[in-house]
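Two complexes come next, and they have one chain in common, chain A, joined by chain B in the first and chain C in the second.
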Partner chain A sequence: MADKPIQGEKRMFMTGNEVCAYAALAANVDVMYGYPITPQNEIMHYWTRLAPKHNRTFLQTEDEISAGFTTCGGVMSGKRCFTATAGPGNTLMQEAMSMAEMMRIPAVFIIQQRGGPSTATVIYSQQEVTMTCFGANGEGLRVVYSTSSHQELFDYTIKSFNVAWKYRFPTFVLGDGYQAKMRESVTIYDPEVRGIKMVDTYPLVGLPGMPGVDRDPAHLRNTYNTEEELYEVVKDLVDAYEKMAPEIVEHSTMECDDADVVILCHGIVSRAAIEAVRNLRAAGVKAGFFRPITLRPFAKDALRPIAEKAKKLLIVESSQGQFAKIVTDALYGLTTPMETIFKPGLGITSDEIVNKVKAMI
Partner chain B sequence: MTVATVLEPKMPKCWRQETKPHKFCPGCGHGDILKALGTAIDELGIQDRVVFGCDIGCSLLSWDLFNCDSIQTHHGRTTPVMTGVKRARPDRICIAYMGDGGGYAIGSQHLVNAASRNEKILVIVANNVQYGMTGGQMAPTTLPGMKTETSPYGRDPESTGNPTLGPEMVAAITPASAYVARGTMANLRQLTQMFKKALQNQIDGNGFSFVEALSACPTNWRTNAAKTWEFVEKEMTKYFKVGELKAPAKKEGQ
Partner chain C sequence: MSKLVKIALAGEGGQGVQSVAEIITEAANEEGKEALYIPNFGVEQRGGVSIAFVQISEKEKVGSPKFEKADIVIALSDRAVRRCAQYVDGNTVFVYDTAIEGVEDDLPKGAKKVIGIPAIETAKNELHPRVFNIIIMGAVIRSTHVVSEDQAKKALEDRLGYKFEQDPKLRELNYRALERGMQLVESQL
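Our next item is the complex of A and B:
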């Protein structure tokens, strides 16, 4: 067997895309399928440089539709496979993602959000929240991790493969162009040294034995004949998703216990919010911070008591309320006043948040 | 005393008896084409290595037809799904089965690029010159002047172009190691041989294999048996020439 791509632990200074490629290697991924789109390209660039040294492969497809479907095919063959995309590529890939939802294909998708709608910018946004969580004709039966740092990109990329294969729902690492392109310090590691065991993969087709003789053939489909038949199938999918949800839902909080204003945000915006809370506390303002790490499933049960106790809520995001829709859905019935900072496609600084909170109290 | 004899319909060994009769309309070409494919799989002895993929449209009704592992995918996306399987599991024999809409319209970019990359899979397009499952709309293969639901006055090549010549296109963009042919449900012995050669080409690891099979849709054509056969044998072959377009020479020692 080839040497492990990462021996032990290593402190590195690298871009987020490079981190994702290393994480996929460390997670023992077999195949990456992909199509060029900014700002995720370097995931492919690093993967194509590193993978052949460790007997892993890559296929550059004709578009993101194909990248999504070849990934599904590879995963159904029992291999750990992933793809990465952004913006309009994420739009095209929704078709394959919905097949993954229906057929419970444990594919992993890394999304580095760029501006939208349309071609927009290649740089940054949080405007792919709705699409990544609920895209295509489906019910949003996906696991979505919204990361905020390179360390999280590494940790959650590895975790995504394990969650995908343990629970068999398509799993997403939702980053953004800032995380993709900037360099920062990160500890990369062989999962084993952290006590992380990679969940075994297994084939859904191409099973051993003669079908019809030694075993039944695997007949996998996503089409159904009647409303009732489909209803039973989707009900089972939803039940399995809801059973999984409490086991994997994640969030983090800071200084929420006595907070007058709780800031709600996700992804890289949390870094500005943490800084803002520190500054506000230093200035004697009781600010706190709540951040869902899984956008799907959403940490509703953890958020509601915090939101109920707070005097005011502030939702901050680099999109026009896509995250706020998830939050308000979770908080239905509460009457805590809420204000927002919506900056579609634009980065948000701690100063903006500090000033807004000060204006709210 | 009389002994009741039940005549078992003859079907390929790799067909799954429990799901027969199959789900296609009476007179449909899919059953015959898939019988030829099943015979080819039997004769090559590869049933346990086949991963069969079918598209959306009438081809999806084959999702449980074989005693082979099968994946029913999305419209036009069978080619990339089978490409993904083959790339991850090169020891499998991957067959992507679709209609002319899936192959030449919504999935054409996948066909062109899988062929250009010389993917080691077999793509089969059943060509019945219209969209069957959605109720008989014009397809890329609809013959000039032919009436369909979306060309009710007859297909006008001036505004909608000429029928797509799939094997000719694939032959033009593949290397010599590809196998490309057009067969017909009207000659199942020849079609079976084409499938065998196409599958052997994949087994040998040569390259892309592509077979178009001329097929019939009496339901949407609104034709009786005689008219159906006349259309398949006489009208379609005026446009779609039956035969091999590309057959790699056998490797030495085989």
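Our next item is the complex of A and C:
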């Protein structure tokens, strides 16, 4: 193989989109398929600049429907592939994403959330949570990492390819326009120096030998004739997903043990929440913080005892309750009082959280 | 500098505020500090007020990318002056260009300090209009100390070195612009 694109480790200062392109390169991705949409365009731009130097490829398709399906096709041929999109592009790509759920296609999708509904803004939101976790017709059999920094964009983009290929569920890196466009420091690395081995890829179709004679047929179906037949298949998918869940579910917490108010948030909003908890603790207010890193599967078992112990919960998100729905579903039956800061399509600062928590106690 | 410095740089598209933000944050990163820079962007990218949100911290990673109130606001057009009032509170130093007309009543009342500097005029009469944003960069680093003068010059070299090679006078011009920018705020801080 040609020289490794990233030798050892290197501290860089760059945009999140650039980080994603470097991460895909480091993860040994073969092909990116894509269609431009702000705020993720530069993932494509950087990829097309970097990829040819390392014998990787890019295909620009005619739209996001095509970008989603070509990504699935590339994966079926045994290549490590991904695409990136946002907002209305995420909407158009849902059909391919649900096909990936049904056919267990380990495709990776990077989503940089922009404002919605519809065209809305090209800037920022957390309004693609429901769509990314549960979009299309199906059961949301996806892995979704909600990142909060450039370091996480790098780490989890690499991880996504391994989780996708190990468990064969479509895997998503859910960023946002802020993460896409801002610059901050990040340490990029060759996964091998961190002891990360990239999971081998293999073709899902076109295998050698005669199907049914030399080998079992590669039965990749997304169409079924009877209700019972489909039911069995979906049950198996759900079982496989639930078996995988405890192995990959991730969350992080801060100062929850004695917290009167636990702040619940995900993605970039957790940066404001961490700052808020620090400020509140300094002012003698017992605040804590819980953040799921995987939105799908969700860290329900970790959250419930924390939520039960807290005096109050505060859910903070840049959407009108999309994250809160996931949380309340996980906390069904608990009676801990809950308040919210919902700011659809708008950034949230630590001051807002601090003031709200102070008003709650 | 204090532990975390928040800067809002605002001007008209083409005045170069985004490049200044980029150069300063890169310089801070080179000095081992934690920097975060996010441009405001929208579908109106061409035309309209362009704002750069910059945060530089001694050591700790920066929190949320945008902030409510800035430690220093630099406003370089009439619209920028009006738009940036929202980032000003009692701890904010507000810097504007004295060549901007018709904003006397729009200058923030509650700021810690309001400083007028003749950057546009200095660029036009003493130096060259193209180094206007480097004058601004000088004003920013002198009022915040987020990076040293040496590091700022090194960052200019990193970014414009290839141009300096072709025409060494450009290096001189940029360095002088940086120094003039620092002087312009010096006496008023």
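The rule is short, and it goes like this: the second predicted complex is superposed on the first by the 351 of 361 C-alpha atoms of A that agree within 3 Å, B and C clash if a C-alpha of one lies under 4 Å from a C-alpha of the other, contacts with A are read in each partner's own complex, and residues count from 1 in each chain.
We adopt the following convention: contacts are C-beta pairs under 8 Å (C-beta built on N, C-alpha and C of every residue); 3 or more make two chains touch, one makes a residue touch a chain.
Just so you know, these numbers come straight off a predicted model, no measurement behind them.
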- Item | Three-chain arrangement built on chain A, chain B and chain C clash or fit | fit
- Task: Considering only touches as defined above, state whether A:140 meets chain B (first), chain C (second), both or neither.
- Result: neither
- When the two structures are overlaid on chain A, which partner does A:149 contact: first (chain B), second (chain C), both, or neither? second
- Message: Per the contact definition in the header, classify A:348: touching chain B only (first), chain C only (second), both, or neither.
- Response: second
- Query: Is A:321 in contact with chain B, with chain C, with both, or with neither (first, second, both, neither)?
  - Reply: neither
- Go through the superposed model and pick first if A:222 touches only chain B, second if only chain C, both, or neither. first
- Query: Who does A:88 touch here: chain B (first), chain C (second), both, or neither?
  - Reply: neither
- Which partner, chain B or chain C, is in contact with more residues of chain A? B
- First, second, both or neither for A:72, with chain B first and chain C second: first
- Message: Given the overlay on chain A, how many degrees, to the nearest 10, lie between chain B and chain C at the CA centre of chain A?
- Response: 120
- Min C-alpha distance, chain B to chain C, superposed, in Å, is 26
- Item | Set intersection of chain A contacts, chain C complex versus chain B complex | none
- Note on the structure: Listed in rising order, chain B residues that touch chain A in their complex are 14, 16, 47-48, 51, 56, 60, 63-64, 66-74, 77, 80-89, 92, 109-110, 112-113
- Which of the residues in chain A end up touching chain C in this complex? 13, 39, 121-123, 149, 178, 181-185, 268-269, 271-272, 274-275, 347-352
- So, in the complex, the side of chain C touching chain A is made of residues 22, 25-26, 29, 34-43, 61-68
- Would you pull the chain A residues touching chain B in the complex into a rising list? 30-31, 33, 57, 59, 61-63, 65-66, 69-79, 81, 95-96, 99, 203, 205-207, 209-213, 217-223
